[in-house]
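Down below are the structures I want you to see.
Note that subunit A is present in both complexes that follow, paired respectively with subunit B and with subunit C.
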Partner chain A sequence: MSSAAEQSSPRATWAGMALVSPALLVIVVFFLGPLLASVVSSFQTKAGAWTLANFDKSFELYSGDVWYTAVIVLVSTLVVGLMSVAIGGYLTLGTNPRAQGVLRWLYRWPLFIPFIVAGQVMRTFLAKNGLLNQLLIGSGILEPLAAQSYLDWRGIVLAFVWKQTPFVALMVAGAMAAIESDHIEAARNLGAGRLRILFEIIIPQIRRTLMVGLVLSYVTMLSVLSVPMMINPNSPTMMTVDVAYRINAHGDYGVANALCLISLLLASVGAWFYLRHGVARKGVQ
Partner chain B sequence: MKTLIKVVAFALCAIAWGAQAQVTLNVVSAGDQNMVDYVTNYLGPKFEQLNPGVKVRAVGTGPGDSGSQKIYEKLSAQSKANVKEWDIDVAVVHQRGAATMVKESLLSPYRNQVAAGKLTSRETATNALGQNVDGYVIPMFHSQIALAYVPDLVKTPPKTFSELTAWTKANPKQFGYNGVKGGMSGVGFVMGWVAADGANMEKLEKGPYDASQKAPIDKAMADLKEFNKNVVLTPGNAGTLDMLNRGEIAMGPVWVDMFYTWQADGRLNPKIKLTLLSPGLPGQPMYYVVPKNAAHAELAKKFIDLAASPEVQADGIVKQFNWYPGIDPQYVQAKLDPASWNRLFTDISPGDLSKYGRPFPLSEYFTDILEAYERVVSK
Partner chain C sequence: MPRRRHAVPYDPWQGTKIIIDPATRLHLPIHRNKPTGNRHKPQVRSGFLAVRFRPRMRSRPDGTVFPKETVTQSSGLTLDKVAIRYGETIVLRQIDLEVRQGELIALLGSSGCGKTSLLRAVAGFVPLASGRILVGDADITHLPAERRQCAMMFQSYALWPHMTVAQNIAYGLRVRKWTKDKIAARVDEMLHLLQLEGYGERSVEQLSGGQRQRVAMGRALAIDPALLLLDEPMSNLDYRIRLELRHEIRALQQRLGITTLYVTHDREEALTLADRIVVLNAGEVAQIGAPEEVFHRPASPFVAMFMGADNTLELTPPTGAGAFDRSWRLRGGDGPGLDLSAHPRAAALAGGGNIRLHFRSEAAHVAGTRNDIPAGEAIQLPGAVEQIAYLGEHWRCRVRMGAANIWVDTTTPLTVGTTAIVQVPVSALHLFPVST
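And then the complex of A and B:
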């Protein structure tokens, strides 16, 4: 493919276009079209006149939720990053094969659990008299009167981290396994400890994979409705709940689309990182 | 090969014949899963038995007003596209949905063409949140929001909203409701709060719409914000019941039918009881409606006639699903054994129900109150 530019004749170009067109058509009809309609409607009143009122209302009622969403998603992304590096690191550098085996077997499970189920599980697990507190009280770690519900931002972050860590860890662990072991051996021979090897030899080599995984997680978490709906649909809550509420309770697509556009701006931060660091260097190795 | 062709041809004929003999009646229902269960497990089989060759297909569109909104959007789209035969034959919708559909003439005025249509008596059969729906709807059932409480923790349950406020001050974080985004029991509580706290209840319920009510609504919301400091916000209608059951809260607003059903299923502590607050908490009916261009309109009317008959209202609506009847209770009570009838009124007497069971405010006020909640309380 290195000399593709030289080889392309008009005929080959047409054939190429024909091959791409079904995919392109799907994107235009089912993605770009609705996206455009959504953007346009966020600047329109119900009657169709141009207005900024939808954004005024979005900021008046939901500016707190925009921040809340951004903070939750960023914190979750950060924790997912730390956890997946820790898991990948142990799978690569750990010394106890049995512990590694158990970890390798265990960590992927949440991947196969849908978000809504994760939300439902957390709802009973993290409630004030839920399983977690019962365990803590039963084992004497927590005083019954000090028990509190975690069904607020902490519950959402926990559900996101639990659900997204395996996804990033899977990518990271794969990339770590692909690093030539000579690098690690050499560092070890020169007396580097395991932490130092992880941070100075391994992470620099897999940072692009890590970033792509985190960006994808960030965008996914931004769009999840079920988890905040199950854990904390009250105020403050995540923007997805507000979007659903504007449509369901008010039939108000204008403000809902304005909120979607704001959410899209948040997501585009992730896209910018992805394009700059991921695709620019030909994606994940 | 020939045999194979014969077999395939025979199979195709059989399928075609089967398809011809079967008429499918599409019953699309908003509301919780129990609404779909009601049609799938109870009403559908009954109707199929009486009408051989008819198959009832029940579809649920989800809880709350959003479920009705989806039905409205579908009908509206079919109407705008000039589709001749609409594929929803019977819809079960909330008051707001029915009001919008009547206003945009998406429904058929069928009530006087069915025998059971003469058995309705409550005001909700003619008026849905200020919109005249006379002739277009028959209530399937009425449901009511009430305060559930744990008698061991609440010796004397509050009788008014101000008593409730005083109670929450003395027992912080022991009262829970689900805000306005987590289901209608929370919304209903907020509506009740506004009517109790300075707004003109008469005007909110009967109209006409008067924007000057916004000031008392905002004031009520400021008080509600204070009130919220001592209460817990729960995740949804079921969330309130769950928290009551786990002993995390001692009191909270719930739907009466959900409450009784959960108790009957053993999912809720049988000791928990219900009460109503003065001046009232809202309740609402679900309506049977027939879309204007329903493909099987005649069959749809027959279906609703069965569904609204005193026998089905007694056995299905009251006895099995713990809803208050949709038609005049006197016809229903006659068909029920006293024990089943009384179970419905164990905690809340018929007298209290008619006094403190209020309709929801008019659509415009409803929207004003929800927006005020977000503007004042949630911020």
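And then the complex of A and C:
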């Protein structure tokens, strides 16, 4: 009897289900269940009646924060993409082995630092009397009176970029390293310079990896609470801070869940890209 | 006020003018502030930022499209004491080679002999430890790979999978900023030349191995290179396609008159394609010559073995004066003396020590299986048949004689265990002193 027939037998089906069920149970109980409860709760009053009031209130109070969040995360994702390509590009095409070695050694460090520590580091670095201003003043570039705090959207973007670039760069550099060196040499042989090779030969070949890295990074940044809380908890701020505030200060789970659902919709855009490219890749394979 | 560092980026090419050599069409930098003796030696730039400040490559001077029967302005190539080392390992030492304009040179050797390294050095991917590389009169030793105008065809073809066939072929032209119309015309010309009409919009991943090979060739030829460098271009193809393509490559190369270096480990390919063959062994040139010369007059035991004369026997010289005829004997054997007097090198070698003779299996035959060669024109080697293999058109038999084994081709199968007398024409023998 063929193995395919064996697999499709009822016994094999039950055995397969039994193997999958623990993982499935965990997903249903700890992920889908709470998610569904949260979504339902966002459409209910405290008394349990169906309503859109939570969304009205969310947009009335926090529409600015929704835009603030979206812009910060998109800008951060864009900068992360550029930095990752720059790092991966230099590791692949650079001509100075020593500089490549130093960069390869350094760029991964932030991967091992938690977001909250990254937030604290940035707070120390970007405050009005922080290390950045001291360096600028010390080097004569900035007058002491002109020093300003960067603990606003710029600080959050910087923290996100600092924290997330190594993750995407790791994926991108790996994908670039997997490209056959012949492909790069063939382009050089035909007269292409390094920047041209990066944009016309390498990036098109690793674009799926880059896209996946950016989508994962985008979703991660969307869900980070500690960084905006540490750097800029005042309005306008990111939605995660608002959610925490609604729950901790007001016990308002309805609005908090509505904000979470809006956040989920923002993340869904990334998920759509991820699945689209994932399916396309699977189709190619 | 602190001093700003690097306010103006350092540009080692500042004050450098690029000219196009009319003979070679190479893009050569001229350092205005340097003595003319150094004019063809550009400074090697490094660092990623340097790319921004690189003088732009010029497009083709007249921007015209080649007619179909055009002959490129190919140039000769000179390798002057070229040496390559990877760290402490010496890969190539003191390679001297003159390649005439329009000539096809095959670099032949076994794996690791340095033939691909030499090709990559000419392409600019491997720095020289010493020596010079000249195309025409222009010294390109220190020219970056992207400015050498040496089109290389890679063993893997290195076609870019995200581009179509036409985009692959057009890439070098886009880099040279040709107009879209001229690029399209040139791509059509290449597709026609390589019999790939109708394939322009296909993905390269949809092509067979032979078609990919043609696309890679088209991409290399489209830029009208001064030199064509082919790195084992047929090693990934099956035998039948290789047979077809080798003739096509040769015809195309002759038609375009393009100077070509062809790396291969396949002696048949080298013999078929090349004007001259350079046999490399352990980083050194073992022999340079026309295919017939290398095949029939190998300069060393290595070349003889590599060209198929892999039957070897060690002989002891005559033991006394006047006893030359039939006085060579197998070392350690008790067989009859061997008459080598008809060989032109025998007399010269007779006064020395032991010699090693080489011959091809197909040059020998077993006495009685076909017309015997007259005495004096062949050596007779009696032995026992140990093994037989059928090769299609003939049988190949292993015959043991003392401690030595030889392989001989026969048109009829022999019986294992029987005695056979192997005859080898003296003219098919290659003799070398054992010390070589």
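The working rule: the second predicted complex is superposed on the first by the 273 of 285 C-alpha atoms of A that agree within 3 Å, B and C clash if a C-alpha of one lies under 4 Å from a C-alpha of the other, contacts with A are read in each partner's own complex, and residues count from 1 in each chain.
Just so it is clear, a contact is a pair of C-beta atoms (placed from the backbone, for glycine too) under 8 Å apart; a residue touches a chain by one contact, two chains touch by 3 or more.
Everything numeric in this text was worked out from a predicted model, so none of it was measured.
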Partners on subunit A (subunit B, subunit C) - clash or fit: fit
Partner chain in contact with A:10 - subunit B first, subunit C second, else both or neither: neither
Three-chain overlay, vertex subunit A: subunit B-subunit C angle, C-alpha, nearest 10 degrees: 150
Partner chain in contact with A:22 - subunit B first, subunit C second, else both or neither: neither
Touched partner set for A:127, first subunit B, second subunit C, both or neither: first
First, second, both or neither for A:205, with subunit B first and subunit C second: second
Touched partner set for A:233, first subunit B, second subunit C, both or neither: first
First, second, both or neither for A:48, with subunit B first and subunit C second: neither
Contacts of A:97 with subunit B and subunit C, given as first, second, both or neither: neither
Overlay on shared chain A, then closest C-alpha pair between subunit B and subunit C (Å): 25
Interfacial residue positions of subunit A with respect to subunit B in the complex: 60-61, 64, 123-124, 127-130, 149, 151, 229-237, 241-242, 244-245, 247-251
For the subunit C and subunit A complex, residues of the former touching the latter: 1-2, 46-48, 51-52, 54, 57, 123-125, 144-152, 154-156, 158, 160-162, 171-172, 175-176, 219, 223
Subunit B - residues contacting subunit A, complex: 64-66, 69, 178-182, 232-233, 235-236, 239, 242-243, 246-248, 367, 370-371, 374-375, 377-379
Subunit A to subunit C touching residues, read off their complex: 89-90, 93-96, 99, 139-140, 180, 182-183, 185-196, 200-201, 204-205
